[in-house]
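Here chain A shows up in two complexes: once beside chain B, once beside chain C.
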Partner chain A sequence: MMREELMEILERLRPELEFEKEDKLIDDGILDSFDLVSLIGEINDSFDVEVSFDDIEPENFNSVEAMLALITKLQEEE
Partner chain B sequence: MSVNQLSFFALFFLSVILYYCVPRKCQWMALLGISLLFYHLMGVDNFIYVLVTAGTLTWTTGKMYQIDCCLEEELKNAPAKLTRSEKKEKKAQAKSRKKRWLLCMIFINLGILLVLKYGDFFVHNANRILGVFGIDGMNKLGLVVPLGLSYYTLQAIGYALDVYKGKSVPEKNPCKVLLFVTFFPQMTQGPIGRFGELAPQLYVGRTFSYKNLSYGCQRILWGMMKKTVIADNLRPLATGIFHQYKTVDGFTLFMACIYTTFQIYADFSGYSDIVCGIGEIYGIRMEENFTQPFFSKSLSEYWRRWHISLSSWFRDYIFYPASISKSAVSFGKFGGRFLPPRISKMFPAVFALSLVWISTGLWHDASWRYILWGAANGAIIISAIILKPQFDAAKAKLHIREDGGLWQVFCMIRTFLIVSLLKVFPGAGSTIGSLRIFKKIFFDFHPALDYTLWFMDMESYRLIYAAIGLVLFLIVSILQTKGKVRDFLAAKPVVVRWAVYLFLLSLIMFMGAFDSTAIGGFEYAQF
Partner chain C sequence: MVCNVLDYLEAGVRRHPDKILFADEKHEVTYKECMENARRIGTVIAGMSQGRKPVAVLVDRGVESLVSFMGCIYSGNFYVPISKEIPEKRMEVILKQVSPVCLICQGKDRELAEKLEHKTEICLYEEMALKEPKEELLRGIREGHLDTDPLYAIYTSGSSGTPKGVLVCHRSVIDLVEQFAVCFQLDEHEIFGNQAPFDFDVSVKDIYSTLRNGATLYIVTKKMIMFPKKLIAYLNEKRVTTLIWAVSALAIVADFKGMEKDVPHSLKKIMFSGEVMPVKVLNYWREKLPDAMYVNLYGPTEITCNCTYYIIDRDFGLDETLPIGKAFPNTEVFLLNEKNHLVKDEEVGEICVRGTSLALGYYRNLEATDRAFCQNPMNPDYPELMYRTGDLGRYRNGELYYVTRKDFQIKHMGHRIELGEIEAVLDSLDYISRSCCIYNKEENAIYMFYQAEEACDKRIIKDLQIYLPKYMCPNRYVYLERLPLNKNGKIDRIMLKERYICHGES
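On to the complex of A and B.
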């Protein structure tokens, strides 16, 4: 369920990308800083979490798996 | 003393011998001694400021790390298993204590920067307002700004923020922290290093490597060619036209913008090449500051390829925290009341981008023309983001293929022209001057058919030299997009390699202008 919701957000953000195949979304500059901020806003609203300054690291957003792991961690901390 | 002077290279040569002759565990101390000596010889006697920066950095990062360690210990050794809310509360308390130390560090170091660099700008503007009410103004502070203050302050704050985030383990030895702050090649113009990448390289001992020496020397030669053959030959032409802006037409002023674009790029990227080359000889890889910015297809892409260490610093330490801050999110919700959802969702990022661009302008210089320059860059980038659907629709109607070669070239030229036009702000000596130059470019633009008028009364040989340098520069830039030029060169026979080195050396010796009138010998040292 969480995966589907995240995929919907990502597809809305950048419809032309195949997110499941990417594992260096930030390192390779596929998502730029503006995309990342929009994505964080969507994640905060949809999953009722608060991505903080400490969490904005490439390894947390490089792939769908990394984003899911971050959301799970934040939900557990809530 | 500047890094493009022979005396610098003589001392640098001796310092390399010293570095590789001392025991490996003492190499970082040699590097610190060399850095402090160069810092002194570069005409900077304000040691007190770097000592304050290194001292506060060691002290506050140590405190933050101590808080993290205590928290970890407390959670591990808690007598009974803590509930999730208890853990959360303890973490929040620790974070709040760390924040106080972080703010203390930022307050002291940013305070020094603000007072030294922006004190007189504030007094000047306050006096103008007071003058309106007939009140006597304040005296200017007249403080000397140490070379490199804007660079090492950002580097130090970045390090403190990394420790705050738990990304870096702080260095306890204040002398090692002082080396991180004062490492001499990057001291006056960056690149603004990240602690995690730069510091371990500074502290580790290493043996001499011929490959590092030859690669480093190549890089220095290339940087010197850019600086002396392109930048220093073009500088008199660019500055000369801007100084005479009252008597020349808009077209000539626009040409001055183009010259300035090439001149500043050759100057600053030349410096970065020299610095990276120096680092390489010590076996230290410095952060790259440029990746062919003139091949950018948009202004935002240009800024990701130009002065990368500064733009990534602003992205990581201002843009991200500002765009997810409570005030930015509230701003977005406020916008959502009367704007379409797509636009209102952009509000936090737009708010943060505006902040970044005003800060970038102010970072370059304490003047209104640089604030306007930052605002103009920000306005173009923000407009491009907001109007993207309209641009996409227009492109679809005109059947423009995004990946078409012609379209890509058009986008590169468009970006280059925008960047060049904005060079009016740094080129003009004053805010009023820059506005008058814009007026001339837009309303008195008479393209001259007589090409000699494009170059004013400059000696023709300087232009030919600069043009040769630029063609060489363009060829190498194109080759760099296809692979590593230096590895390609290294694979060639020794005769070919030395022919290239001697060619570069002769270009520098016979065509170099050796103009050291800019502060610190380079344009960006004044920032």
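On to the complex of A and C.
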């Protein structure tokens, strides 16, 4: 459920990418700052969490798995 | 009198040869090292050209890009920065238009350079930097130099589908950095944190202000800007004092609330340009760093970076707009109406500029040059050029305010984009019958509307990325069986805007 919702957000953001295959979205410069700002905004709204200063690290956005782990962590903290 | 930007570099070498001039994440070069390497590179290039010819430089975020620029200048030629990040097709379009003497790249980018479809000679940075400098040759070049000779050509989006190369001479850049030093009290203690890519003219202010003032420049990577924690730590480590950044980069720090835990303690001066600064973003920075000087800068590449400035001197409410202020000394900025008359106070007119800051024109494009750089209509008596910015402005209480664009050019993520250039690429795709692009400011998003046999967003994006840098690719795609037309048979942009773009405004 969470995965599907995240995939939908990512699809809308960059329809041409196959996100499941990528694990260096940030390190390889695939996502740029515009993408990251939109992505974090959408994650906050859709999952009712607050991605904060300490969470904005490259490791948390390099892959779909990393993003899911971050969202899960944030939801548990709520 | 300073006639060549290299005079600044050499004065720095005399004053403090071992001071760091440019540094990136991995390397640093001192004033002396930069000059020595640049003279070696300059010697090699001078062997290939008589001077005043373009030399393309494949740039990234490393100090080698900057040393290469200096090398081109020593050779008596001008540089044309080309980013490694733009699509190959776009590099080829630029190289074809420029036909440079050679293309400078580093060993690591050789493969990329060789893959390009052009007949330019490739010169490797590492190889050139080992050659012996020929002092006599370099001296002769220098003696023949005029301050009206070109320094660089920077490519910007062009509405007809081909980018335009804005050609700027030494004198204009010298004028710019001299005015900056006076207006913003810059000196050798300045440590610049460079955010702007080197194929983007915002970086001209960093590079030459550093040289003019005998200061130091640290290159801030794109990744750091996306991750404020790393950014703030870096700015503190390097004790950066001055930022001359694109609004979009400062906005990322504010959007991510990047200064909640720590702030860049050494920062004293924060200047921004590229698009309208949202008051919300400015207020965040001012709240965190209340003692810094904030400057709103305005101007297109064609008048050498900036022609007006406004030092923020009061609080701004969210419903207010920042003025773009007043003209730099030695520059005149005035507003003309459609009849080419000066507008009255409070009336809207096109922002026009005259002075030393005017670019020489668009490289190999006389037609576009004549349209934008024309005889000052207020002066019928002797030849005098002015530049039409295409921006509309208005004076209020003695301060100039930016109003909007006259045409379809937009500012998106700090980049100047002609929507017509995107549309020109779309028209070349055979499966699209009609299309148009509209910018929605509130979402910061480029909408693309298209008519085709079926919806094919993914295919379009993939094809666009062959020709255009990512920041030029639309953010929203709307497929329609038929695009609405207005009475004149043109695509009805107003109707599209009202029907499909949430807030209507663009």
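By our rule, the second predicted complex is superposed on the first by the 78 of 78 C-alpha atoms of A that agree within 3 Å, B and C clash if a C-alpha of one lies under 4 Å from a C-alpha of the other, contacts with A are read in each partner's own complex, and residues count from 1 in each chain.
In this section, a contact is a pair of C-beta atoms (placed from the backbone, for glycine too) under 8 Å apart; a residue touches a chain by one contact, two chains touch by 3 or more.
Remember, predicted model here, so these are calculated numbers, not experimental data.
A.B. asks: Scan A:V64 for contacts with chain B and chain C and give back first, second, both or neither.
C.D. replies: Neither partner.
A.B. asks: With the two structures laid over each other on chain A, which partner does A:L10 touch: chain B (first), chain C (second), both, or neither?
C.D. replies: neither
A.B. asks: For A:F34, using the defined touch cut-off, is the partner it touches chain B, chain C, both, or neither? Pick first, second, both or neither.
C.D. replies: both
A.B. asks: What is the contact status of A:E77 with respect to chain B (first) and chain C (second): first, second, both, or neither?
C.D. replies: In the superposition, A:E77 contacts chain B only.
A.B. asks: Is A:F53 in contact with chain B, with chain C, with both, or with neither (first, second, both, neither)?
C.D. replies: After superposition on chain A, A:F53 lies in contact with both partners, chain B and chain C.
A.B. asks: Can you list the residues of chain A that touch chain B in one structure and chain C in the other?
C.D. replies: Touching chain B in the first complex and chain C in the second, residues 29, 32-34, 36-37, 40, 52-54, 56-57 of chain A appear in both lists.
A.B. asks: Mind listing the chain C positions that touch chain A in their complex?
C.D. replies: Interface residues on the chain C side: 85, 222-223, 225-229, 248-249, 252, 255-258, 260-261, 413, 444, 457-458, 461-462, 465, 470-471, 475, 477.
A.B. asks: So in the complex, the part of chain B that touches chain A is made up of which residues?
C.D. replies: Interface residues on the chain B side: 84, 88, 165-167, 300, 304, 315-316, 319-321, 323-324, 329, 332, 345-346, 348-349, 352-353, 385.
A.B. asks: Name, in rising order, each residue of chain A that touches chain C in their complex.
C.D. replies: Counting only chain A, the residues touching chain C are 15-16, 26, 29, 32-34, 36-37, 40, 52-54, 56-58.
A.B. asks: Applying the document's contact rule, which stretches of chain A touch chain B when the two form their complex?
C.D. replies: Answer in residue numbers: 29, 32-34, 36-38, 40-41, 51-54, 56-57, 76-77.
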